[in-house]
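Worksheet: the structure to be examined is printed underneath.
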């Protein structure tokens, strides 16, 4: 029986309102944390699309983010391109690389695909470290800020708008035929192929879209934090993104956003525990998976209007049977 | 009793109570540094320990300006995003009067940015990138040397000693990449043949790297390791097992990590004849403060403090001195105090002049003491090893083993 | 020629030890259909277990390795029971995700716990045998030689165990089809426990063998963990012989890459990339690795 949270439009509007208003009560530290959380939110939700909807368990998401960050920064710094142009160019380049990646992994599945993408991410990280003449290696590439003044508020709202925009874009995609075909592919690829779905094209399209979003997120991150280092691409960072997507509900894009906010917020809250901070985080991840794999937000589901499920892929017949509406 | 007397007594009592309440309010400072991966957590741990020792001492002696001192410690993990989040948290939630510490230059740059925007003093303990002070933020001060301060001299010394082929092994972190560049450039200027290779710290097998270095082209007569901490042990061990170094034909020069006792546990006799750059005054020059600190650190933590620990202890001392000089724990006043003090710490006498040329000398402690020692006997303590540089402290002018 | 030989031998030796670790990972995968992202931390724990066994109990180093393996077997069994059993007792859905998150959470937990408990400073257990083996142009420290030899023994024993003993064959049966194995009377749940324990023991053994060669630190398992993933994919997941060949291949390719790539600085800086490139190349040509069976889900 699944208790999967379905994010009705009402619920999403509520969460958006909460995010918009949060800075009023939050204070500068949590605004800063929120602004960082939006970076992870974009990565987690796009990864949800890639892995949850298209079944491509890729470990390269953070690498695309780093690519976007470094490329846009270098285009600005070295070639003097204006901000929008530099970011757009970086996103487009990332999308091309994403298409390439999608094409390369076509014949791979499951853990083979995961490790292939992990290998490419590692190589990219090594390039960032080794080619210090271009990237400044581990010293980090400094990126000029976007807003003057000392408040993080503009970054917070910029990040939030980017999250909303990318969610809208991804949802838009899902409501088209492409989305329909993606779900078909995920449920049973051979059947989909037999029915004439161009699985190749669709898998590549998803890679293109999600790497573009990741690159955008990376560009945002670079301009907010002010410095990019190859440590963005280490395995624990990718693991964190996966954890956020899974905790939020791997088959729900808004869920991934919520998961990102929760997990990142949690890792900051645990600072009070000093050296036990990450021990506890690891423990929490395990316990949440063990005891609340689906039911992380049942209370949300119970208290708002009747969930109208967004297109969410179902695993098999059993799930459709088991899905129920929980009204109180 | 006359009413006026009562009134006076009440007033006096109120004053006393208020003063006591004020006195109890602690001065809060923020410490930042790596305590977990991917940062250099062993360096960060030493720094934190040294600071904790200092805080205890200050509080036992009555605190700062009559107020207890409290330090909030934040783990920045070697990740700039952690550094900026930690800085924002310390400034806005803990309302610290100043931030100090840090081991990684890239993280320090992110923190310094936040500190600059908020007008909070930031004092760097062991961050070496020139860029940090070259930014010339009025809030930023640094105790650690800039790479240009130390490695320029080391490179010059190598040229002077007549080494003809230098192999530089640098770690792929901010410290390694920046420092190695400085050495490499100076050697190029002095027309000394040099090879620069970067290694990944996490990977512990340096045998292929060493094989390559020693087999290609002219054999190096000195290998300089720009590697923080304990990865050097592996390089030394493996070079020794291969029969490459340290020996009469090829010397090895490393940094702080080789000063810890573990070097003899891991490398055994291979560590004999190692040359080590020590960012500290030699033991023979220690002032009373240094001796007291070393004894207290050894007693509490069961290991001898390295130069990094001393820098950390001194950073706290510097901030405390600035607060005392300014007579206030307000951020602006501390900044002013830092730019004016002359403080005698364990590693030297600190001042932070606002020099603008070279750019990195701004708010940089210039007289960073350092010397180069050479181990000459097994299990030797660094303080017993002969000093080969600088001349004013040198106890020997020969490098062993003699050719 | 000497240069080439030294690089190859060194790569072979290190590769064999990593192959030991990878064999454990591939065993876990083949039986439980789970990629244990926490495998690197078991390797690390094995190293520390040996260190403390030698230090506190005063046993000779090789006995320390044995103790580490036993300790990690028990630890693996405990973890499997606590954290992984829910996967096949119907308590969780979406088992792939569950496994990934739980094992990833385990890595974070164990690495940071090790940092708190063991402290941040490097430790080094005593050598198996001091000194260096020199035979003509061949130079090989005794520690490496002995570690490689022990790894070979363990790998051969593992192969024999899987092929010749009834327990081993039962494991193999479950890896091929859980249901069919159940039909002939094998208890899959028990096999999962055995496999996970055994896999952890192998990782722990690898860590204990490496400990005198390199240093011990709480995050020492990160890189070897990634290399183990590369090896099992190279060799084909689920294939123990594949992981042996994969390990050797990785070690040798890495050594030769470092030794022969024209630019010495890049050659060293990209050390890890050689293995990754090898992996990418193999997967493009053979999507299930050199000797792998097609990936099947945990039923």
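Should a chain be cited, it is by its letter among A, B and C, assigned in written order, with residues numbered from 1 in that chain.
Following the convention adopted for this analysis, a contact is a pair of C-beta atoms (placed from the backbone, for glycine too) under 8 Å apart; a residue touches a chain by one contact, two chains touch by 3 or more.
Remember, predicted model here, so these are calculated numbers, not experimental data.
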| item | value |
| --- | --- |
| Identity of the chain that, by mean CA position, is farthest from chain C | B |
| Which of A-B and A-C has more C-beta pairs touching across its chains | A-C |
| Inter-centroid spacing, chain B versus chain A (mean Cα positions, whole Å) | 38 |
| Separation of mean Cα positions, chain C and chain A [Å, integer] | 31 |
| Where chain A touches two or more other chains, by residue | 126, 129-130, 236, 275, 277-278 |
| Chain C residues counted as touching two or more neighbouring chains | 111-112, 115, 222, 265, 269, 272 |
| Touching two or more other chains - residue numbers and ranges from chain B | 35-36, 38, 172, 198, 200 |
| Chain C to chain A touching residues, read off their complex | 29, 35, 37, 83, 86, 91-94, 96-98, 100-102, 104-113, 115-116, 222, 226, 229-230, 233, 237, 265-266, 269-270, 272-273, 275-277, 279-280, 283-284, 287-289, 295, 297 |
| Chain B partner contacts - residues on chain C that touch it in the complex | 3, 6-7, 10-11, 14, 111-112, 115, 119-122, 124, 130, 132, 139, 141, 214-215, 217-220, 222-223, 254-255, 258-259, 264-265, 267-269, 271-272 |
| In the complex, chain B residues that touch chain A | 35-36, 38, 73-75, 78-81, 84-86, 88-89, 91-93, 105-106, 109-110, 113, 117-118, 129, 131, 172-174, 176-178, 198, 200 |
| Touching residues (chain side chain B, partner chain C) in the complex | 35-38, 41-42, 44-45, 172, 195-200, 202-205, 207-209, 211-213, 215-216, 230, 233-234, 241-243, 260, 262, 265-266, 268, 303 |
| Contact footprint of chain C on chain A as seen in their complex | 2, 57, 104, 107-112, 114-116, 118-120, 122-123, 126, 129-130, 235-236, 239, 242-243, 246-247, 250, 275-279, 281-286, 289-290, 293-294, 315 |
